[in-house]
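Before I ask anything, here is the structure I am working with.
Read from first to last, the chains carry the letters A, B, C, D and E; within each, the first residue is number 1.
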């Protein structure tokens, strides 16, 4: 069980696809104008990620190495098309606001990247976990981003007004510059935490070494 | 004629593919450390974008639409693009080796670059005719070139700037992109689509 | 060589499976998608014309605008006994601050406005987008070409312009005026020649 | 005999008198005529905007200096550069700006405009302009509330450029250019940003800077004359639709931008030829935006866009070496 | 007013501060018990000492000489005994062997030296004399003069330029030489023109030395010599800039003056050649300016090469307590040092004792890209760019450092007090090493 959490945590934080692996910026920036869209996009992408990871890892032995990439693309594109059709049919509004970014999940580097780097080499369950973790990482990032943008730029959260009428929102947050600036700050924040962690780790190791030394000396 | 000019200016500056439409951000961040490589990437994108958009346009009009297979758009387009890049790579190597030396390394990167697929799909959504398709894809590609080339120029300069540690690299890059996007808002309304 | 053939066959297999899967999904989603395609329009019509019941029939038709000869799409809402309940028209203007604005305009049988609904526009958020607010839209209710000048107050008209978004307000006025003119021209009894109707499609 | 009484420093041992501080504070002095005139016109309103911008800018400057771990924060914060940014930001805002908007602007200027790039000298974009455009896109209705000077009602009017854009040329055809140039209020016409009212006052400060060799005269001159020529060409083509070039000279932030913002040395190309290209480009884009764009005024955007081009321009306009 | 010549818009205007010594007559300083002769005072192939510890030497005897194309010899200014050969670190962190000679105060000369002689026009012999007389450029660089006088065969020299700009603040040694030894100086020029078969000479003098200009023009009788007044501006005396100012000839990048048919020599060098040719007196002494507010009596001094800085300081009334900086050369290009037991060399044109009041070097700040350094660089370089590239050793961006003449104008003007010249000079060394490694 511990292992499962570790795998998920890897996708959500340690190797967060957007903030650490720097993949999939385009949908992250484009559809994070409202939390609603963001959640929709994240679920769509997670669905594709998980299902294609599962399928790819289960047919990995069947697929000849040379034909790897085309097969992956077919698998992914199939799931993307399914998502596209289903959303169009049953959630037309969301489909409209996500627009071209649904078909673009095909080329989203997160999906293809995980298929290539993970699912083609690991068993079905691990691939499932990896897809889920990455999907959650994507979800987390895009939702945080969208929350910031929607709250600042529109004064709402999930469409609900937060501050009353006298608040004038900083509209730029939901415009393209706002997306870039906000994710830039998030990236910087992530780096900052990682740098601090590394420093702390170093300090701890140093201290441990020193205490070991003193222990030895005492002995 | 006027419409073509409007399409060109709009897709180059006003609705710039990177700064306003959010397509191709990853290579924009990834291949912009040096201005020469940015230029190489830019040219490669222009080239592939025009070819890919054109071919997928023809496929849509003459194959998918008549057969009522519109729902296979995504899967067909991505295959066309992948195949196209392969073919371009091989023929360019044979016919124009110097060009290949310049652009060759960028071509594989482009297959998975969402600008190409994105523009191919947008082009269909916008219902452009053949000439408009060419103008649209060409000027969108040029818009990409402008954005990545200028951006790489700034980034080269930033190499020597005293940027705080956590913001070094992609973070400051993307913030700079934000400020460029802010600046490009000035082009709003220069032409109206 | 043999290996190559096996590879191609495998790829082909995957493709076939995928094609089957997709055509299956397609067959399921076909109908909802068709509905969804019209849902926006239907919803817009419903929001500009009060009390549409499910028995009513919405007919759409292309009308030639006498202003710029660009056909507008109009909808005739009929009671189930085929008498006219109301009209609506999908009008547009190119004079918005950010370019084209399209909006659905609903009128009753007397050609008085029952509602407007902006569909597509790219006005500045916070300025031009105030046109979607009821505070602005409501001033047009039950106005018609004969009792209202569709110009902003600054230009001597009756429209209360949105502060700092005169351009948008002016454009909205033009848009509504165009829609109303086309409707009256085509449907007002006695003045119209129904041959102007280009195409009629049943819902 | 003390051996090491001598200090080792590097040649040259004589250094010029001018330092960053003296340059920056001279610019502040050069901005005084425009500042004082606006305070005379807009009274406490201008004063509050100017004071809050400067105070917040200095405050954020100190905070970010501290966060970045810079030593002697206090001294650095008063080298005058942040003061200029604050003052110029204020001069770029309407006199009706609320204090919290000044605070947001100052924050953006200091964070995205300056310190995220490593502080003075490292930023690719002009901090005050980044903040102004950020505010313009964020709070468009506040940023377009212009009042008439002296008359302290809260009734707002469009600026001449706004009138031109929204109501056409006829609405501005009988404005008195001389009044606009000297910055006297005209009833029914919005005065514009705090600092852009009087071209005359800006010109005085600008000439001071040129004489003190702090800004190269070519930049404002070429910038303004490019706008003049372009607007003139269009005025000749269609005098019914396009305003006279003199109108464009005396309205909007052209002078403020050309003398004080385009000339920010940090963000302008460093080579002489580069400065020429830069100034021409600013003029060209300003004209394009004013003539065809959605915004009535193009100066801020034009300068920012050219700043994005600045490193590239610099690359293509290297100095010729002596003997080359 | 006469036309002022100059080299364009670049360059800077530091305070001149020449009033401290400009009216002080040259005073002669005698060597004390020991002299310290550096065996490498020139640039080019190093020389080797030709004496050993315990050897007896005569005045004007050669103590060091080198082999190869570009090198020079060094003579002893006194007679006595070689007591030691030791290594010393000179300003600019240059290590050199030094021959220490105990002065016997007898001044026994090598026979034939310092006697008036008749010298018939003979180009080859002339150049040979210059070589054996240990004449090197006394304007600062120390380039062996005979090498300048033997350009490649296909280059015809049609102009001899005397560099009397003396653009460095404080320094007045060239000026005093022109005022006090005007005739010798002029005869020196004539000698050079005669022997090297050059048709014309121009003496370029900065406007702030108009007195010397007028006087020389009055006493001159040689029609081939022309005097031109230069604008007072730094670095007017830099070779390429001077040539351009006086003739509008542009020395191509990384090329020497002979490319445009010119030889440039400093005033003191010309005077030294005169002494050598007419009196057979090798170069063993020079005029230098000892100045600054950190010394009690600023003076112009004729001193034997090899006397120590401390001896000179004593001669000038001693160092004041508030003296903080000790500089070998002028304040713009000179090198700082701390060791007052170092000897002067043939290229020491000045010794400056400066106080905090005179030197205002502040802490380095980040570049604000004001572009002033580009504007003043006489070589048209981009100093701030070169500094960053040099500091970071980004070799592919550093090529231009080789064109820097190290004048320091950029550091002088920089409002952010950046030590541009210093970084670039260091960059030059790094880059040269890098190029060598590459080959």
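Keep in mind that, in the parts below, contacts are C-beta pairs under 8 Å (C-beta built on N, C-alpha and C of every residue); 3 or more make two chains touch, one makes a residue touch a chain.
Just so you know, these numbers come straight off a predicted model, no measurement behind them.
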item	value
Contacts common to chain C and chain E (chain labels)	B, D
Chain nearest the global centroid, as defined over all protein CA atoms shown	D
Chain pair, most C-beta pairs within the contact cut-off	D-E
Chain A and chain E, separation of their C-alpha mean positions in angstrom	68
Whole-Å separation of chain centres (CA-atom averages), chain B against chain E	61
Distance between chain centroids, defined by C-alpha means - chain A, chain D (Å)	41
Intercentroid distance (Cα basis), chain C paired with chain A, Å	37
Contacts with 2+ other chains: residues of chain A	70, 74, 77-78, 81, 85, 168-169, 171-172, 175, 177, 181, 188
In chain C, residues with contacts to at least two other chains	18, 22, 26, 97-98, 124, 126
Multi-partner residues of chain D (each touching 2 or more other chains)	112, 116, 118-119, 122, 134, 137, 139-141, 294
Chain-level touch network, classified as line, ring, star, complete or other	other
Interchain contacts (touch definition) - all pairs	A-B, A-C, A-D, B-C, B-D, B-E, C-D, D-E
Parts of chain E lying in touch with chain D, wherever the complex brings them together	12, 14-15, 169, 240-241, 244, 250-255, 323-327, 331-339, 352, 354, 358-362, 365-371, 374-375, 378-382, 384-385, 400, 403, 408-409, 411-417, 419, 421-422
Interface residues, chain D side, partner chain C - complex	139-141, 144-145, 166-167, 294
Residues of chain A that touch chain B when the two form their complex	22-27, 29-30, 69-70, 73-74, 77-78, 80-81, 84-85, 100, 103-104, 106-109, 112, 172, 175-181, 183-185, 187-189, 191-192, 195
Partner chain E, residues of chain D touching it in the complex	3-16, 18-20, 22-23, 81, 118-122, 216, 265-268, 270-272, 275, 318-324
Chain C - residues contacting chain A, complex	3, 6-8, 10-11, 14-15, 18, 21-22, 25-26, 28-29, 31-33, 36-37, 39-40, 124-126
